[in-house]
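The same subunit A turns up in both complexes below, where it pairs with subunit B and then with subunit C.
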Partner chain A sequence: MSAAEFVLGAAGLLGQPTLRIGSFAVSESAVTATALTVALASAAAWTRSRLRMRNPAGWQVVLELAVQAIDSTVRDSIPKAPERILPLVGTLWIYILLANLIGLIPGLHSPTGDLSVTGALATIVFFAVPFYGIWAEGWAAYVREYFAPMFWMFPFHVMSELTRTLTLAVRLFGNMTGMEVAIGILLLLAGFLVPVAFLFLHFIEALLQAYIFGMLALVYIAGGMQALADREQRKGETTR
Partner chain B sequence: MNELSFFTTLVTAFAVLAMGLGVLGPGIGMGMAVAKALEALARQPEAEKSIMRWLLIGLAMIESLAIYVLVIVLIVLFRSPMLDYLLHK
Partner chain C sequence: MSFDWTTFILQVINFLVLVWLLHRLLFRPVLRLVAERKAATAKAWEEAQRVKKEGEDLQKAYENRMSLWEAEKEKARGKLLEEMQGERRRLEAENDRLIQEERERARAVEAHRLAALSQEAETRALRIASQFASRFLQDLATPDLEVKLVDRAIEEIERLPPEKIAEIRDSVARGGVRQIEVRTAFPLEEGRRDRLAHALNKACGRELPCECLVDPSLGAGVRAVVGGWMARANVKDELLFFASKGEA
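Coming up: the complex of A and B.
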């Protein structure tokens, strides 16, 4: 195995090693992503069965702090009905953070370093925008937003929804892949243990990218629910 | 110099050039964004939370431009359709 092959293989650019079940190929990122989903779901179920109101355990306090931080961030950013969006955005945050951090375990790659995984996550956000928008405003008001302020703005609205979905996917993918390539190249040039400082940077990057992905999803969904907020505001003004 | 090695040299040179030039614009943009955010922070330290939030979102938007360049460069270097054609013709 040549040096270049090593770096590219470490970054998963040579095509990830696949598992074959009959004629059906399963990529490595699909396996790690599914394993992470199962682990998170079972951890959530286990945690839920052990929550206590009186003298909570240490881990419960830590979890409550994390949930509270997520909750307050969502409540600060969305004018109306934050409890509807909280589950989706909270899940995105926790899932992407852990998926990014998996890359730090030797021998494993971040599932988010695969464009298919980030594409799937971005597609969820793409469909969540009309879902929450219609839920909040109803069909007519939501569709009317596409033709505001002028009817010929419609193609631009559609274009912006499509490109921002692409951006969401490519940003996460590019950041995680770029970091892995950089660490691989550094390992080749400088040798063993030198990239440890960069692994710390990788850690910060993982946190930041997870935060940004969830935050952008939040902003996009809030944009889709805009008319509701405007109406509430007007109502508040007239009753005042 | 045969066709393949000429192509590889050209692609490598332009990939490096593209990365350098492509990072230039986002770098300037991010610098301006951070400078303005710090000014706002100095003027209104109590608004730190929301300033930081919008700064991070804005930086992510600007950063995605540089990430586009990185992705294009990676495609050109490793998954180039042109290279495939030269190898398998």
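Coming up: the complex of A and C.
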């Protein structure tokens, strides 16, 4: 195996290894993502059974602070029923953060280093925008936004939706893959313990990318409710 | 870099299931717990505020009660002070009155004592004077003195006022007087005895026999008894009269 093959293989760029169960084959990232889903759901179930109203444990305090921070961020951005948006955005943040951090475990790849995974997440966001927009504003108001300020802006709006979904998927995939490639090259050139500092950088990158993805999703969904937000603002000005 | 539709579809399903599970198992319970805790905290805060307000009200009521109590205490103290001053004035007045009474009593006792002393001194002086006079007069009690005294008695009887004479006569008439008793320290001359008898009979308003007796205890002079009336002009009776004045 050449050095380049080693680095690209470590980054998963030579194709994800697959598991075959009979004629059904799944990629490693799908298995890892599913395992992460199961682990997260199990942890959530375990957490729920141990939540205490009085004298909460340290981990519960941290968890409550994190959930409240997410809730607060969503409430600040979403004009209507933010509690319905919270599960999607909160899950995106938590899931992407943990998926990014899995790459720090030797022998495992971040599922977010697979374009199929990030594409799936971006696609969910893509459909979530009109879903919540129509739910909040109604069909007519939501569709009217695509023809504003001029009717011929419609294709540009659609193109904007598609490209931002694509960038959402590619940004996360590119950053995580790039980080893994960089660490692989360093490992190849400098030796076994040198990339440790880059692992810390990977941690920062994981946090940052999770935040960016979730925040962009939140902004897109909030943008889908723009007409409602404008109405609320006009109502507020009239009241004042 | 490759795109796998199986992974894509699995990931979509995985993520949507995870969204649903985390909503059920994490976000909703945690936010509900936080909300309940906030509500409990707010309730506890309200309860604390209520208790604090109750405490403040109680403190205010207590302070009001204290101020009222202080005012009442001051009032009671003033009243007590006033009563004490009144009682003091009353006691002082009572004391002054008692002192005055005691002083008056002492003054009266002292006056009485002085009067008694004066009386006693006077009596004693009289007694001494009487003793002295009787001793002195015993030396002077001579027939000549008796003559003078009898003459003087005759003059006195003759000069008695009409009321006295009427009284004597009435006494003689009611008493059934039969004679006049005349005592002298020395035997009287006949002429003087007649003159005396005549003056006495004239005073009695009738002729009564006159019994003349000699009584040396008289010292000098005469004592005439007509019923309940007596004419005295002798040393003994004078001295007795003098002494009796001192006794009185």
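The rule is short, and it goes like this: the second predicted complex is superposed on the first by the 236 of 240 C-alpha atoms of A that agree within 3 Å, B and C clash if a C-alpha of one lies under 4 Å from a C-alpha of the other, contacts with A are read in each partner's own complex, and residues count from 1 in each chain.
What we mean here is this: a residue touches a chain if its C-beta (ideal position, glycine included) is under 8 Å from a C-beta of that chain, and two chains touch if they have at least 3 such contacts.
This structure is a prediction, so every number in the text was calculated from the model and none was measured.
Visitor: After the alignment on subunit A, I want to confirm one thing: do subunit B and subunit C clash, or do they fit together?
Guide: Partners fit side by side after overlay.
Visitor: Taking the superposition on A as described, I'd like to know which of subunit B and subunit C A:Thr47 touches: first, second, both or neither.
Guide: After superposing on A, A:Thr47 lies in contact with subunit C but is clear of subunit B.
Visitor: Would you sort A:Gly178 into first (subunit B), second (subunit C), both or neither based on which partner it touches?
Guide: Only subunit B; A:Gly178 stays clear of subunit C.
Visitor: May I ask you to name which of subunit B and subunit C touches more residues of subunit A?
Guide: C
Visitor: After the superposition on A, what does A:Asp76 contact: first (subunit B), second (subunit C), both or neither?
Guide: It touches subunit B, and subunit C stays clear.
Visitor: Tell me which partner A:Leu207 touches in the superposition: subunit B (first), subunit C (second), both or neither.
Guide: Neither subunit B nor subunit C is touched by A:Leu207.
Visitor: By the touch definition at the top of the document, which applies to A:Val158: first (subunit B), second (subunit C), both, or neither?
Guide: neither
Visitor: Could you say whether A:Val61 touches subunit B, subunit C, both of them, or neither, answering first, second, both or neither?
Guide: neither
Visitor: Between subunit B and subunit C, whom does A:Ala39 touch in the aligned arrangement: first, second, both, or neither?
Guide: Neither partner.
Visitor: Compute the least Cα distance separating subunit B from subunit C in the superposition and give it as a whole number of Å.
Guide: Comparing every C-alpha of subunit B with every C-alpha of subunit C, the smallest gap is 7 Å.
Visitor: Of all the subunit A residues, which ones make contact with subunit B and with subunit C?
Guide: Residues 13, 173, 177, which sit in both footprints.
Visitor: Give every residue of subunit B touching subunit A within the complex, in rising order.
Guide: Checking each residue of subunit B against subunit A gives 49-50, 53, 56-57, 60-61, 63-64, 67-68, 70-71, 74, 78-79.
Visitor: If you look only at subunit A, which of its residues touch subunit C in the complex?
Guide: 13, 15-16, 25-27, 29-30, 33-34, 37, 40-41, 44-45, 47-48, 51, 53, 63-64, 67-68, 70-71, 83, 86-88, 90-91, 94-95, 111, 114-117, 119-121, 123-124, 173, 177
Visitor: Of all residues in subunit C, which touch subunit A in the complex?
Guide: Subunit C residues touching subunit A: 1-12, 14-23, 25-27, 29-31, 33-34, 36-37, 40.
Visitor: Which residues of subunit A touch subunit B in the complex?
Guide: Going through subunit A, the ones touching subunit B are 8, 13, 76-77, 167, 170-171, 173-175, 177-178, 181, 208, 211-212, 215-216, 219.
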